[in-house]
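Take this structure first; my questions come after.
Naming follows writing order (A, B, C and D), and every chain is counted from residue 1.
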Amino acid sequence: MLVPRVWSSVRPGLSRVLSRTLGGWPSGEGRRMDLSGIYPPVTTPFTATAEVDYGKLEENLHKLGTFPFRGFVLQGSNGEFPFLTSSERLEVVSHARQALPKDKLLLAGSGCESTQATVEMTVSMAQAGADAAMVVTPCYYRGRMSSAALIHHYTKVADLSPIPVVLYSVPANTGLDLPMDAVATLSQHPNIVGIKDSGGDVTRIGLIVHKTRSQDFQVLAGSAGFLLASYAIGAVGGVCALANVLGAQVCQLERLCLTGQWEDAQKLQHRLIEPNTAVTQRFGIPGLKKTMDWFGYYGGPCRSPLQELSPAQEEALRLDFASNGWL
Amino acid sequence: MLVPRVWSSVRPGLSRVLSRTLGGWPSGEGRRMDLSGIYPPVTTPFTATAEVDYGKLEENLHKLGTFPFRGFVLQGSNGEFPFLTSSERLEVVSHARQALPKDKLLLAGSGCESTQATVEMTVSMAQAGADAAMVVTPCYYRGRMSSAALIHHYTKVADLSPIPVVLYSVPANTGLDLPMDAVATLSQHPNIVGIKDSGGDVTRIGLIVHKTRSQDFQVLAGSAGFLLASYAIGAVGGVCALANVLGAQVCQLERLCLTGQWEDAQKLQHRLIEPNTAVTQRFGIPGLKKTMDWFGYYGGPCRSPLQELSPAQEEALRLDFASNGWL
Amino acid sequence: MLVPRVWSSVRPGLSRVLSRTLGGWPSGEGRRMDLSGIYPPVTTPFTATAEVDYGKLEENLHKLGTFPFRGFVLQGSNGEFPFLTSSERLEVVSHARQALPKDKLLLAGSGCESTQATVEMTVSMAQAGADAAMVVTPCYYRGRMSSAALIHHYTKVADLSPIPVVLYSVPANTGLDLPMDAVATLSQHPNIVGIKDSGGDVTRIGLIVHKTRSQDFQVLAGSAGFLLASYAIGAVGGVCALANVLGAQVCQLERLCLTGQWEDAQKLQHRLIEPNTAVTQRFGIPGLKKTMDWFGYYGGPCRSPLQELSPAQEEALRLDFASNGWL
Amino acid sequence: MLVPRVWSSVRPGLSRVLSRTLGGWPSGEGRRMDLSGIYPPVTTPFTATAEVDYGKLEENLHKLGTFPFRGFVLQGSNGEFPFLTSSERLEVVSHARQALPKDKLLLAGSGCESTQATVEMTVSMAQAGADAAMVVTPCYYRGRMSSAALIHHYTKVADLSPIPVVLYSVPANTGLDLPMDAVATLSQHPNIVGIKDSGGDVTRIGLIVHKTRSQDFQVLAGSAGFLLASYAIGAVGGVCALANVLGAQVCQLERLCLTGQWEDAQKLQHRLIEPNTAVTQRFGIPGLKKTMDWFGYYGGPCRSPLQELSPAQEEALRLDFASNGWL
């Protein structure tokens, strides 16, 4: 890959925050932040009384820290961010930053429905130690979220963010795709460094890579199910829920793709599809957390209205891992 | 959470709040709150700098107060609630309660993504003067919002709410319908008095009326486009964006339906469909606010990312009213 | 195409055919064909070896002939038309015409994917005795079925049809709605007399009535589930699968609506929703045919790939009728 | 049924037909038909009066015959098969077989709505010289097309087909995906050799490869937009509309993938996405045929209701090719 693999700045996030002037982004003087690699979208552990359990969060991060991840996504969809208060969202990121080695990137989900709230959350996330902000598309008024509206929204956020912005399109949750033409336009903003695309449409992913090829714009696959295909078509990494439980395997898949061992990559990818679907579409965060419990992490309960799996669902979940040799 | 945990001042609505005991709902000793009638879902006026303009809110409410509405919905979808902070949501309701005559019901949107936040917001809304809480379905994790999850969510909220709860299903925004079986189950809760259904499927509305006929459960049509049909099939009223600008006409349609003047009702209903679609699906809140400006209210800007209409859209909006004789 | 180009025998409907001149439609000299009333969309009976059983068809029609229906739809979606050869489609209509009293309208489904095939089938249906042709939207290339394409299609068919044409929009089967602007344009064609709309969106039905009010254009509800609401908003009748088994009740609902007995109408409508859903969306034609067997008609098997109901499905079907007092 | 029941003349492909015995499929004695490679789904040329132009068909096939395709799909979705009579469908295949070298596989679309018609068409296609039958999912009653129904349908067809059967899932046209579990079950049938999957979901494609790995079951990508990704995940080829106009390039992409030159493959794939989308989703068969005219083939008109492109659409189509260096 052409993207530099070494990032030399000192204090995670902070120096970058201070070194930038609002509204005055460098537009060619240097390369953008290198996002390439694998990121687990970290879950938020809760106690039995649904309080955030920061201790368990740190324990999980320490265990996850042993894998060669590029970094971690905090407060993405798998972090149950819509169920946290603003303070909790920031607190989680702050704790995570302290628990993580400095060389690990911390991408913080900072999307809110309004532009103003998103700007404020993004600035606060930077102050809490995030290296970059991952900003989900606003979606409640999806019927009015035209390309123009979304371009306006992201431009404002990127203009005012002290840290690089990563676009985040996740139609399964938001009911909308960030339109291709909006991505192409936004890729030209000096403070927008890439996109996490969770839609699973590799034709679209390929087209994004193609249409932004002159922009040093990076695409991260939003799920492990299409990670190999995304690498094949030009993505630089992935944010993979499955990496919370099969971290070694997802990193191995990355390495196989990067070193051109496509045959082995294919075999491994095949065995990851069902487990990945199980902890995302099929059983969601309750499934992911249950699996974390099995694999030596703290999963624990979700906040309501997310419900625990039934015994039958749990059995089906187990089978999706066992039948592929992971349990 | 930004929601005030203590709410000390005595406000309109409080006596209603105090007269109820948490967890001890009357289950047959008397009729539930009577929701029947028309409600405008009030917009939130903003200044040019996107601050809530409480003065304009009161002016609008005073003007709207001249129509024979049953009450008002504050902080529904048309109130841009996802763009407001918790404090603003409560402040808007508090101001509205003060501006409105006491005999007008105030329904306050109190839905949040998490059950806990929804409970807190509902309690606070009651303290702020709301007569009932209108609770939208949580939706970000729509893939996991099974009937069981939604029944759990609403039951918890209704158990802990000091004021009656109105279910709110609005698939255009949330991407999910509150399932029929969940509605039937929830209709049996003594503190759930009805549903606002914005989906526009009158077969479903009829079935809800039928399946809850022993429950004194009330259905409100969520839009003026299918108001007549909803009355015909057993709804008791409507929450109609269009009533913000054509309040007299929507109330007239109600009266024609209630007095069995179906022929005249039909003619009037026909002329309201296009204007209604224009201020809802077609042009959304920006269209509604623009029309409010035309009709002597304060519409003003929306919060970003909602964008102003283009001149061409504005022209199309005007035509939808003019071609039906309203401009 | 094997369809007979000349149809010499004198049959019911032929005088109507002959009284019209191709391409020279009367545009105001008289009222269009009056469609108002209820129509069962007749099923096609098959033997155990999947041959069309014309004898059973006639028996069913004789039994159905005792109800005050306006007429019958042959070869609609419930007639399994996509599973019949062109000859069979025509033969079914021909037999039906002979079995039916002359005062009953026979609407024949004549839609095919290509315009040319639809024209030929429509002409042949007229020769087989159909009083009007019900033409479903072509749908395989739904991505290209713009308003312009559909207007072109229907205009060609209506230009060349010797009998009046009824538009037919059934999104559950076709995946597309005939767009509103296409309906408005097509309503001006002198040989297009109405639309059967099965989508269930009464706002749309109301708008169709409103936008075509100067055109003597008639709307038929495509299902019994929203029949009352459709009458309330201006429809003139309905094509109701449920009328194949609850013919008296559907006709009673019509009468209650037409005579303004809305309260009784509502009660009856309510009790028809679940049975109607059961024989349409929920269990489809296999459900309808099974119910016909229960109600003294010949239902019999469907052609493959439609499958028989499982015992559990059959039980659920029975419950949908029993719980509403029909079994 | 209009399909000729007797087919007496000896034709190419017949020996293959005769070498098989109905109902007695080899279940492991040898490898199945090798499908690997690229196939253009051939368009059906029409004259100005909408007659099939067999001369132009042969000319196109001769020109296409110069590329290293594995074979050709006749009467797929791009062949406008829903607009052809049964006789025309067979005649087209018969002419194609005569025009094509014997070493090129001829896959004929033989899907109809009913199982019986599909069986008859498949048998006739074999007699007309098809090497394999590509059978699209029946779809008009999509609400009833459960896995069980589709398994029944395809099993019946495969049992009775004298030639191997290729499953065909194309949700853009049919509105349904052949369910994963149905694919897995059907892959075990000795006469079902593979699937053409046009949905573009490579996670699904990978899973199909994985779940059928013990079955010698082959997957063909249904479009050039995700061809590279499909190869990367285990597909053996593609049926690509784009190969009708950029045949050399699609074959080159195949070769680059097969020889592991992924970097060059990626660059080429990128430049094919927009042209591919243009001749499929964006402008459909009218777009493909217009492009064929530009590239030295006979495109010509489509049958109605498919409409010609507008000048603006034509310009956009041209740009999709020009901006990628193909015009």
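Please note the rule applied: a contact is a pair of C-beta atoms (placed from the backbone, for glycine too) under 8 Å apart; a residue touches a chain by one contact, two chains touch by 3 or more.
Just so we're clear, the structure is a prediction, and the values are computed from it rather than from any experiment.
A.B. asks: Measuring centre to centre with C-alpha atoms, which chain is farthest from chain A?
C.D. replies: It is C.
A.B. asks: How many angstrom lie between the CA centroids of chain A and chain D, rounded to a whole number?
C.D. replies: 38
A.B. asks: From the mean C-alpha coordinate of chain B to that of chain D, what's the distance rounded to whole Å?
C.D. replies: So the centroids are 51 Å from each other.
A.B. asks: So what's the Cα centroid distance for chain B and chain C, whole Å?
C.D. replies: 38
A.B. asks: Residues of chain C that contact two or more other chains, please.
C.D. replies: none
A.B. asks: Drawing the touching chains as a network, do you get a line, a ring, a star, a complete graph or other?
C.D. replies: Graph shape, chains as nodes and touching pairs as edges: a ring.
A.B. asks: Applying that definition of touch, give me each pair of chains that meets it.
C.D. replies: A-B, A-D, B-C, C-D
A.B. asks: Which residues of chain C touch chain D in their complex?
C.D. replies: 1-2, 50, 77, 82-83, 85-86, 113-117, 138, 140-146, 148-150, 152-153, 156, 172-175, 281, 284-286, 303-307
A.B. asks: In their shared complex, at which residues does chain A touch chain D?
C.D. replies: Its residues touching chain D are 200-203, 206-207, 209-210, 213, 223, 225-226, 228-229, 232-234, 260, 262, 266, 269-271, 273-274, 277.
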